[in-house]
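Both of the next two complexes hold chain A, though its partner changes from chain B to chain C.
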Partner chain A sequence: MGNVVELKNVTKNFEEFSVKNINLQVKQGFVTGFIGENGAGKSTTIKMMMNLLKPDAGEVKLFGLDYKKHEKTIKERIGFVYDGNIFFEGLNLKDIKRIVAPAYKQWDDTLFYQYVEQFKLPLNKAIKTFSKGMQMKASLAIALSHHAELIIMDEPTAGLDPIFRRELLDLLQELMIEGNRTIFFSTHITTDLDRIADYIAFMQNGELVFNQSIHDLAENYALVKGGMDLLDRDTEKDFVHIHRSSTGFEALTDNIKEVKNTFGNTVIIERPSLEDIMYYLKGGIHHV
Partner chain B sequence: MFNLIRRDVILQKRQLLLFIPFILFFIIMDSHPALTFLIASIFIPFNTYAYDEKVETNILLNSLPYTRTEIIASRYLGAIVYMVLAIGVTSLALFAFNKPFTIIDIAIGSSLFLLFAAFTFPLFHIFKPGYISTVVMISFLLLAAIGPAIVLFLAEHLTAITDFINGLSVPVLYIGGTLVIMLLYFISWGTTTVIYQRKAF
Partner chain C sequence: MQIIISNSSKEPIYEQITNQIKSSILAGELQEGSAIPSMRNLAKDLQISVITTKRAYEELEKAGFIYSIVGKGSFVAEQNLEVIREKKLKVIEEQLSAVITNSREIGLSLDELKQLLKILYEE
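Presenting the complex of A and B:
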């Protein structure tokens, strides 16, 4: 299976922040969740994928093509949804469609109206009167109406209420039934991903910590709980980060085998949630 | 590209309703026809910039299958298209109100518009959004107010240049003027394209 997006050694420097040496592949036909704290570099990375930002170094390729020569071909095949509203807020959805539709060769009006109906969107009300959830649905309707192969979304669930979030996730899942579609979306609400993501890419402080399938992730990381007396300088080496409390310790390991060797049955080994992984990795990737 | 130019009309449907009374105001106030042509031409292209200076608009346009070169080209070509349309409408209005005007008025109005556009379009991409429309509008009014006085002053005091210009035959003057304006417009177009290519959103 090919990669739809390929970032090779991509670096982008800002005055007070930089995204360093990113190597990221997004697999065709899967949902990849892009996680990390606010300010970890997710939006910057997405902007580089969309060519809104140009990397200082490295290579960005979509569908195996680069932006220098194939900008239009690439963008024809992408559907995008951003965190905030990027449409002219005084216009209604019909007029926005009039502006966006002719940009795409593959625009499908029937499909658009189908989504408008499904999402119960008003066509003649100004976008600025839409709720956050409706704005999001409007962006999505537009993103989905030109048969895009890749849907890129930056924090689509941010600011949405839980019920709406679930609806959105169900919808994304439905979209995936249809053939070769790829979805790449960033979020800092990790519970969104447990339900639909096949792959998880995790960014922290401008670096990509990992990009693994959910399945591998579960195999590679474990949450370990045990008494404080088990910890010493040697045994601590098995953990990525340790959280200590009076009742015992809780730690994340990326070396389950070693933990089993060292501690045997004296500790409890659990499957970590994505949030656990994010939380513990935040304490430092290197061994404490 | 045509879609990008057409976009302005969709975007400014409501403002366009203001366009006619706006022009009529200048006509009824008996402004010089050249000034009326200039003001009419400025209306749509500069209104567009009031939208385009917003970051969101640039994110939208750049996420759609357009290249940055096309986005800028649509601004520069669009300005000419809308100028021609505005001149058409204004001519009709002047005609309807029985105000005389000459082809020279049109020439002066459109040259001034193109010059003004050539100088200000790049500025929209240099300065921070939010300020620039105001800056441009104020500088336009200032120029309109004191510009002629400056030209007259220069004409009186820099006799060498005045003599040179007076020495030119009328066709040479017109052709020369057109060429200079076209050149400036193209330089401005190129500059803006380069600036826009380098921008990050």
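Presenting the complex of A and C:
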């Protein structure tokens, strides 16, 4: 299957921050988790995908189409679920539906009411009375009701309680049974992704560090633990970053084979969590 | 089809799936030609990512345990020689375990057992 989103050498400069030379492909039919610290450039990148911001340089294509000529077609096929309330707060869900529905050719009223029921959303109460979780559900119900092929979610789980987060993940997995649907999901809560993500794209300081399948990540990175006496100028070269303490060291490697050669059985090699990878890569990449 | 995934196991999740499906096939619990869940449904049921079940099914296909038809799903394949060999090996392993248990009960040492096996094998 092909790529639903393609960013080629995309750059956007702000006064004190820029997103530099992003090359990112989002694969159709899979869940891509978009991770990075706050301020790494995730939202800027998403806004360019949505054509809410225009890149200073580079090319943005969705479904192989260009925004300049096909903006309407592209937007029809995307469902955007945003952190926070994108609707007019005073309106209720029924009014919002009345405004939004005509904008989409593929709008499906039956499906909309089905989600409203499933998510237990009140139709006649103002959005401002909704909890954060309910607002998220409302936004998702609307995105799903026009048969969006690509669902872009910007921090959908931020500020939500664990039970609701789990419900959301269940729902997203249900959506993925239909093979042509793609989800692009930005978050800094990496545990959300351990369960559902197929690919992980990682941004840091305005740059894309990697975009890999979870299997490649597991094969490329490992967490290594051992005694301090094992470290010297040569052996340290195998690591991306080392955390030292009086009881020993813990380090991230992107060269598992070399670590096995150097240390053999004297160290413990474990699979790192996404959080481990994020934390250690922040400490500096000295040989990529 | 029963599959139980351990998140704390050192064995990667896709391997846990392939191994469990393999043993169900070898044990005859999954019959030749019977349908197994689609990889997307299995991913949802196991609460894991699609790419993981995809990899598990690809490995099973490569090893000849299952085959897939686009739009129809995946099925247990006709057993090839290698599968049968593995099946037999599993039976032998079980029988040998029984032999070992019996030997221990009467205090027969490994060397004595080997000797006995050698004589019988070369008969």
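Everything that follows uses one rule, which is that the second predicted complex is superposed on the first by the 286 of 288 C-alpha atoms of A that agree within 3 Å, B and C clash if a C-alpha of one lies under 4 Å from a C-alpha of the other, contacts with A are read in each partner's own complex, and residues count from 1 in each chain.
We adopt the following convention: a residue touches a chain if its C-beta (ideal position, glycine included) is under 8 Å from a C-beta of that chain, and two chains touch if they have at least 3 such contacts.
Worth saying up front: this structure is predicted, and the values here are computed from it rather than measured.
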Practice task
Judging by the criteria at the top, classify the pair chain B and chain C on chain A as clash or fit.
Solution key: fit
Handout entry: Contacts of A:100 with chain B and chain C, given as first, second, both or neither
Key = first
Fill in the blank from the handout: The answer to whether chain B or chain C touches more of chain A is B
Practice task
In the overlay, answer first, second, both or neither for which of chain B and chain C A:281 touches.
Solution key: neither
Practice task
State whether A:82 touches chain B only (first), chain C only (second), both chains, or neither.
Solution key: first
Practice task
May I ask you to decide whether A:196 touches chain B, chain C, both, or neither, giving the answer as first, second, both or neither?
Solution key: second
Problem - Touching partner for A:51 - first (chain B), second (chain C), both, neither - result: first
Problem - chain A as apex of chain B and chain C, Cα-centre angle in degrees (nearest 10) - result: 150
Handout entry: Touched partner set for A:5, first chain B, second chain C, both or neither
Key = neither
Handout entry: Minimum Cα separation, chain C to chain B, after superposition on A (Å)
Key = 28
Problem - Residues of chain C touching chain A in the complex - result: 12, 14, 38, 40-41, 43-44, 47-52, 55
Practice task
Write out the stretch or stretches of chain B touching chain A in their complex.
Solution key: 3, 6-7, 10-11, 13, 51, 56-57, 59-60, 62-67, 200-201
Problem - Complex contacts: residues of chain A adjacent to chain B - result: 47, 50-54, 71-73, 75-76, 78, 80, 82, 84-88, 91, 95, 98-100, 102-104
Handout entry: Of chain A, residues touching chain C in the complex
Key = 29-31, 169-170, 173-174, 176-179, 195-199, 213-215, 218
